[in-house]
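Here chain A shows up in two complexes: once beside chain B, once beside chain C.
Showing the complex of A and B:
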């Protein structure tokens, strides 16, 4: 039995989940993380590097990695792929001009071998903005229906109001749990 | 039930085995932690003139290079290892890598940005060499979900969706100006709490008398943009020879040159792939600005207009050559 298998079993006991949060810069990743954790969101600066937070939710220990999305940082994303149970891809739904960019980066991630098997949650964020594309349009724009290699869901949400954040996180935990924590 | 890699089997034996391994790893971690504490203690006692920050960075590098060496050693041993031990060995190496990565993450609080970037690059290289070694020694398994595709969550779509959105859709934002040349363009307080887009403008003057929630700007040249307080971020890309007079929570500037910014930013302004950009304090006033400030929730007392993060210049001890401050005498007034 491989050590990773053993570690997976240890994780089962503690119900530890590793979530990697990626997306273009300005999508609202850090805001989602802080909002979900009940922290102040007014003082968030653009992420120069990365944040990691461990959150307790529904008896799960969530290790959430929030990695900066600036062009110059994207080549470091792959440093964080190992042992990812769930990928949360965050989109600025009001940024119509970068939707193509956003699609390209997402699809490039999905062919990464070390992310194979990870559940994918797409947050169509900033739905509180009147100019935001609805989740159905983001789904189309990102070609999500083409994805057959990962379990996925798109969820419209707003990090500022907190709307639908919980629904998204609950879905990704449920999906991961049904694959990984099947022992008890 | 089978996991993604099909490797989880539940037998009593395995559970005992995992208990044992867990204890073993826990002991090892404890031992290392003790060593680390002893080391830290020793360093403390050594009392040097070096500042605490430098001290931290130094002991970070010591531990980092030690662990990196250990890992590389393990990696070099793989070549001569028995074939059936390889999987376990690579699992072990991958755990070592993850711990090293976590150690780096936990050190970001005190590591100067430049050192952080160097370390990130080192981690990247390390990861690549692990991957290459693994590919070389262990033939790849193909990963795929079972054809049932159980649980794939997506509504059925009646017709094949278009691969991308049409151009008009893309630019259909409520409040926007695009493709204008040599005009004076104005928006009033109907933009409050909305998102505004400005794209492909040449030689225009744009005045936003209101408090939008977000602003996206792309491809402007020779323009002057004035905006009331924006409660969220302003995102600027590919502008040339412009002047921006803007207030916001975050300001993100990319691929922009020869441009002046007069800003009020409550968290932080960043630049990436920019050159010859300069900054001064926000100084625009119009009739309703106080009211708009209140609506936006921006704190007037907090303004980091003179402290810019350059994502292409992470050395802490040298100023970025890409941006500067506008000398007081050269600053313009806007009405």
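Showing the complex of A and C:
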């Protein structure tokens, strides 16, 4: 193996990004993943366990972990924290009833040591629904301004139309890249 | 990798050269492909599938249409094929009934795909009394009439729904998901209740309703992709009904349950892996020509 190959390999390895996608059940995590990957989204069933997808995007290799959100699965979330570069927290913006739950679960994650270095992207999903709260209201509802431990951004989006998914993902990659791949 | 490339290369070469082979064999045997099938194959999925394949790859557009359209008139189609191929019923007496039966089976499968798709496309709607009644019926059957404190409450998780309102869990499978759970619970109450109670095991159990909906997802895709033709062509010479499809679902749900425990999962997070392993197993079973998806518990109830 030549030096160049080794360097190339190292570089490839460097460009791998691990994203963990979490949120309450029915937030739209799997739909976001599939839509972003250009797959059919009208036949999705609730996720038991997790899905993992590796996507190529802008020269990065994204390993996206989409873990089921129902209450009984949340205790397993911690099994997926290790070496996470970015956390994508997905919110059903039309589900006002569970915004408190949503806030509690998110803030519980942010004190986790193994997620300490991760960038946080909040997707205020389902903006296409008539009853959806705008991203600014979700930001207030989740007390995002209190967060000082993580780089974060909230992005209103719709997994069904695909609106703003790219913007969100691009932001989280840029933020991770500026922290992790500064040697490039 | 390489065997796969070779296989697909040979397959496309075969499609390309097929008309030539067919012509040669026809000259030698004096029989067209459809006629040869009727003599060589016994009753069952293999024969119907081969007839379907032959019609689909025919160079006659009106033959291709017979295996694609929902409104095929079977009697007219039989006459068309016999006439075009110049097959005399006096000489080949078995051909006509075999062709008729195959065409009925092929056409019924296409129709079944459409009816099932229609059911799947109906979204669960809380304002639809039919949907709400079915949901309540499901609750009552599976819990043996336990009281539900309110329509939206955490009790639903006892049945293995995700949260307080089962509505959202039917997202991708729509009314089909609900109908199949209810069919299973109603017709095979004992089996369903025992599966539900076992599924409550803290470590090795699973979410009953969600797995049930995932099984709808599985059989739906097998139907759409054509894998279930083996089952239906073997099972029925007449037209399969939506109930027949639900029966296949009941079998798959029950069979998956057995498979799940035999895999000794550490916890529910293994669901994705085990589901995929089970799907592959089922697909390979459906490649065997005599497969019928039916369990003993289904025969007992008849």
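Here is the rule we go by: the second predicted complex is superposed on the first by the 170 of 184 C-alpha atoms of A that agree within 3 Å, B and C clash if a C-alpha of one lies under 4 Å from a C-alpha of the other, contacts with A are read in each partner's own complex, and residues count from 1 in each chain.
Operating definition for what follows: a residue touches a chain if its C-beta (ideal position, glycine included) is under 8 Å from a C-beta of that chain, and two chains touch if they have at least 3 such contacts.
Everything numeric in this text was worked out from a predicted model, so none of it was measured.
When both complexes are superposed on chain A, chain B and chain C occupy overlapping space and clash. Once the two complexes are overlaid on the shared chain, A:104 sits clear of chain B and of chain C alike.
One of chain B and chain C touches more residues of chain A, and that partner is B.
In the overlay built on the shared chain, the residue A:25 is in contact with chain B and with chain C. In the superposed model, A:58 lies in contact with neither chain B nor chain C. In the overlay built on the shared chain, the residue A:140 is in contact with chain B alone; chain C does not reach it.
Legend: residue contacts after superposition of the two complexes on their common chain; A:49 is shown touching both chain B and chain C. Shared-chain residue A:79: touches chain B and chain C both. Clashing C-alpha atoms with chain B after superposition occur in a single stretch of chain C, namely 153-161 (options considered: 81-89, 153-161, 225-233 or 279-287).
In the superposition on chain A, the residues of chain A contacting both chain B and chain C are 25-26, 42-46, 48-50, 70-73, 76, 79. Those residues of chain A whose C-beta lies close enough to touch chain C in the complex are 24-26, 42-51, 69-73, 76, 79.
Partner chain B is touched in their complex by these residues of chain A: 1-10, 25-26, 42-46, 48-50, 52, 65, 70-73, 75-76, 78-80, 82-83, 94-97, 99-100, 103, 113, 116-117, 126, 128-132, 137, 140-141, 143-145, 148-149, 151-153, 160, 171, 175, 178-180, 182-183.
The part of chain B that touches chain A in the complex is made up of residues 1, 3-5, 7-8, 10, 14-15, 17-18, 21-22, 87-88, 91-92, 94-95, 97-98, 101-102, 105, 108, 113, 116, 120, 123-124, 127, 140, 143-145, 149, 151-154, 157, 161-165, 169-175, 193-195, 197, 199, 213-214, 216, 218, 232-233, 235, 237, 249-250, 252, 254, 266-268, 270, 272-273, 297, 299, 309, 311-312, 314. Put simply, chain C touches chain A in their complex at residues 120, 157, 162-163, 168-169, 171-173, 177, 206-207, 210-211, 213-214, 216-217, 220-221, 267-273.
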